[in-house]
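Alright, structures below, take your time with them.
Shared chain: chain A. Partners: chain B in the first complex, chain C in the second.
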Partner chain A sequence: MSIKLDGLSKAYHAEDWVLRDVQAEIESGEFFAIVGPSGCGKSTLLRMIAGLIPISAGELTIDGQVATNLPPKDRKLTMVFQSYALFPFLSVTDNVGFGLKARKFPAAEVADRVNRALELVNLTEFKDRKPRDLSGGQRQRFALARAVASDAKICLMDEPLSNLDAQLRVKMRTELRNLQQKLGLTVIYVTHDQVEAMTMADHIMVLHDRHVQQIGTPLEIYSQPVNTFVASFFGAPRMNLLPARVSGDEELTLAQTLKLPLPRPLAVADYTVGIRPNALTILPRDTATPNVQVQTVEYLGANMLLETQLADGTALELVGDPAMAYRPGEQLAVKITGTVYVFDAQGQAQFILKEGMTNGSRTQRSQVAANR
Partner chain B sequence: MMSLTKTHKSLRYLGLGLLALLILGPFILGFWTSLMPTADIAKGILISSHLSLANYVDAVQQTAILRYLVNSLVISTLTMLAQVLFCSLGAYTFVFLKFKGRDFLFYVILATMMLPFEAEVIPNFATVRFLNLLNHYAVMVIPFLTSAFGIFMLRQAFRQIPGELKEAADIEGLNHWQFYWRVALPYARISIFTLAAYSFLESWNQYLWPMLTTFSDKFRPVQDGLRQLQSQETFNNWGMIQASAVIVVIPTLLVLFVGQHYFKNGLNEGATK
Partner chain C sequence: MEAGHSVPKSQPTVKSFAKTAAKGFNVHVNDKYYAAAFLGPSLLILGVFVFYPMVRTLYLSLFLTNNVGRPTVFVGLKNYVSLLTSAAYRASLTATGFYVVGVVVLTLALGILLAQATVQKLAGIQWFRTIFSATMGVSVSVAAIFWLFIFSPSVGLLDQIAAFFHLPVINWLTDPGWAMVAIIVSTVWMNLGFTFLILFGALQMVPPTLYEAADIEGASKRYQFWHVTLPMISPTLFFTATVTLIGAFKSFGLIDLMTAGGPNNATNLMVYQVYKDAFLTGNYGMASAESIILALVIALFTLLQFKFLEKRVTY
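Moving on, here comes the complex of A and B:
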């Protein structure tokens, strides 16, 4: 059950595109996450795949069959909603079997499928309850059971975990992933939570500003972001993005203070340099000239998050050792020790410096060009 | 609520009790006089020593009150069923179907609520006379098959149905009739019951329209029947009229009593979130 999105676009009014030219291929049995900030069109895209919102342009292929104009029920898929969309007046059993009955499945088969689905999500003992008598996590599992009960192999999920509390969300993440693998479902999962996408997905599509920014495995997205948006959206704490200028021959000056040697000459222009907090090292006190001042300190247990300022006022986030007891107002010396991402003024990735080594990223640049 | 002392509480209940008495007073007085002989009522005394159910026996035996009851029951039930059916279908259309001029049409329907019924009486009368419906059940049902208020009320109720329920139903492949019957109606059942009770009572309490359009006891509903009792007798048998009034009120109370069980809130909790 592979899915192919070929130039999918959506406009509610002529030429006023809310989604433009979405290109992706989703393999059978894959967990595919669509991530982006709220309002980026990710729910719209999901509903276009489901058939709930008409596709304005482009072609949708499901399992080798063109499905662009098929009604939702003929696309052989199920959907799990953020608000669960359970029928309040029906018991768990009736809710799960609702769609099967509507499709005129024989009663025995309905009962059989419902029981199997409830077993899969461990809800058998609650089968006679009404939705209102269940907790948030149970309702979520119950909504999953409804999707599982149908024999469709594609399941679309629209932020299914965002109404749960943090602990339960982590637990359900694992449950969901296990269920998907056990049943070999092809899942398209919409979320605004980059952690959810990173932990569960085989491939991630990053949507922003009506366009696909990047598609890749979680590792690719994290280690080779194609632009500043993807770079800063993934990873916690967020990547520092510093304004930079080429100065001298083979040297970048970051925020007018930090110097970064370049392996090859770069055109004189403005750049943006991305450095993840864990790629910066705080030098021991009194071993070097201080270059940042600590603004706020957040204690996170295993480490410490420092909000600091460079001499020109540019903010820089650092990760520090909690044993060092850094205080606001303190001056620190910081050195770049990890990967550095160099973006051009438009935010497109130019190259990646790995501890002084350069990694060309022409492949990614051409990918970006294809998406535009 | 620990601050509520006993005196506070009893004062509150005293106030509530007084208000209840004020509202129930006329009913109690009416029920009481229905048990008294007319001679005592005419004398204007309240405490009678001849309390009996004789008035009820008289009302049932001497007047067509039972016939009126049956008439009203038939008319009100038909009106109620028709209004629930047609108002819900109309409201469904205005919520779940998309077509050009939908909202304009809805506002036109709303605008008809501004028109007082009295203003419609004459054209309606002309119409039903032209259709040869006078003095028949149909004349009291057909003009009230649907109501703008009912459509408005159910439209509001259907709008409460979360969009995701409709989307879920679309994915399951439910067509409009299935969604209407299996989801929209059960989801809005509290509003449906309210509308049913409301339309039943409204029909039951109709006075002006049946007075104009019915001429025989065969089709006359209760409210006009009661009026009939007054003028038929040479002298007004108030005790018996009062007993008839009590009989007429009973179905109203039954509807409200049964209905209030359904008017409770919170039955829809747990659909989403």
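Moving on, here comes the complex of A and C:
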């Protein structure tokens, strides 16, 4: 069951687009995540695919069949809602069998499918309970069972884990992914949580500001972001984005202090340079001239997050070894030891420097991957 | 009475309460006075206006009374016996039953219909919502005049329309069968504003995702109404049914103003019989017995409703 989104757009008022020209192909059996910040239109897109809101422009193809104007029930899909949308007056069994009964399946088949679905999510012992008598995680599995019982091979999920506590969410991620693999479901999964998308998805679509920013595997999204939005949205702690300038000498000057050699000449202009905190190394104290000052520190257990400032006041986030007990106010020397991303003034990726360099001195540099 | 001396005491009670509470939440010593201070006023009002009349009615129902309502001869249950063996009173019971069932069923059905129709998000729909709930603000006397204008024999609006189209003219208020229909229609109309508003609120509370889920699961709109909407609003529906039922048993104003129990006692409901016996013929003992029967009937039906419906409507 493949799905093709061809130029899908949504406007509630004429020409006032909330979603513009969404292009994607989702393979059968794929876990496809739609990620973006609140209000980016990701739920709108999912509802358009489900048929709950009309598609303003573009074409939706499900399993080779044009589905742009089909009613939801004819799209051969199911949906798991953020609120689970369980019927509070029905038992688990009746909830799971609701759609089958509405479609007038014979009672024996309804019972059979419901039992199989409940077994799949380990809820058989709760079959006579009402939704309110179940815990959050059980309700979530129960909503999955309802989606599974219908036998549809496409399952849309609208932030299904966002109502769970952090620990359960991590556990359910695995469960969800296993279930999807086991049943060969094509899942379109909407979330604002980049970690969820990274850990579960085969492909990720990044939505922002009405447009698709990038579609790719989690690795591609993380290692080759096409613009500053994608670069800073994925990865925790977030990527540092520093203002930079190319001056006549073909060197990129970061925040007026750090110099970076360029693999190919760039026009003299302003750029943005992205460096993930884990691509920066803090040198041992008193081994180099300090170039940053620590503002705040945050202990995260295995490591420590440092909010620092460069000489000109630009913020730079670092990760450090908690054993070093860095303190606010301290001066530190920092060296770039990982990947550096160069974006133009519009935030579009220019190229990637695979290894770093320190305070302007030239070191090795490797293959530069230019995007797009 | 009890409140009379507990109120002045309340001042020191509150103070000592505060003191003990500050010491360590050990407040039970003064709980009695504290409770009395709060309960006093409402006990007083309920006592004077509810409990005393109830007991007095029960007492009077066992007596013959003179024309100012003083008990004269103790007759035991004879008032009740003569009522329940009287064909006229049983006719009144039957009429009441018919009226109550008609009013409750029609009020709820129309209420749901209007609420369901206006819960959609359409331009200008709030005007309809306002109009449909407007009968809540109409007094019984105004409603009676309005419906008399419509139902009046020959000069009423309905009969004029019927005459215009050469349809048979119906004597709405003077034909025993149609008079009952007329007061049921008028009462339903009066009830509709409140019922509509309550049910509309209930419909709005149904989470939209339930319908979306049902849409995706392949349930038709009709199926959704019976299997999602109705169960979801059933607690409210039950509440409305109970309130409407009790209200219907107690209907008086419209009947008094439109038919005065006539024609030929066809709309002589239980409450109207009480009114006639107490205030027209001065037969207070009999009226008291009728009141007690009415109270018992209402209690019985309310209990039955709770017993058979409440379990099904809670979720």
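Just so it is clear, the second predicted complex is superposed on the first by the 354 of 372 C-alpha atoms of A that agree within 3 Å, B and C clash if a C-alpha of one lies under 4 Å from a C-alpha of the other, contacts with A are read in each partner's own complex, and residues count from 1 in each chain.
To be clear about the criterion, a contact is a pair of C-beta atoms (placed from the backbone, for glycine too) under 8 Å apart; a residue touches a chain by one contact, two chains touch by 3 or more.
Remember, predicted model here, so these are calculated numbers, not experimental data.
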| item | value |
| --- | --- |
| Room on chain A for both chain B and chain C (clash or fit) | clash |
| Which superposed partner A:Gln213 touches (first chain B, second chain C, both, neither) | neither |
| Which superposed partner A:Gly99 touches (first chain B, second chain C, both, neither) | both |
| Larger contact residue set on chain A - chain B or chain C | B |
| Partner chain in contact with A:Asp133 - chain B first, chain C second, else both or neither | first |
| First, second, both or neither for A:Thr253, with chain B first and chain C second | neither |
| Touching partner for A:Thr272 - first (chain B), second (chain C), both, neither | neither |
| Overlap of chain C and chain B interfaces on chain A (superposed complexes) | 50-52, 71-73, 77-79, 81, 83, 85, 87-89, 98-99, 102-103, 130, 132, 150 |
| Of chain A, residues touching chain B in the complex | 47, 50-52, 71-74, 77-79, 81-89, 98-99, 102-103, 130-134, 136, 139, 150, 163 |
| Parts of chain B lying in touch with chain A, wherever the complex brings them together | 162, 164-165, 167-174, 178, 182-183, 186-187, 189, 267-273 |
| Chain C - residues contacting chain A, complex | 207, 209-210, 212-220, 223, 227-228, 231-232, 234, 315 |
| Touch list for chain A against partner chain C, complex | 50-52, 71-73, 77-79, 81, 83, 85, 87-90, 98-99, 102-103, 130, 132, 146, 150 |
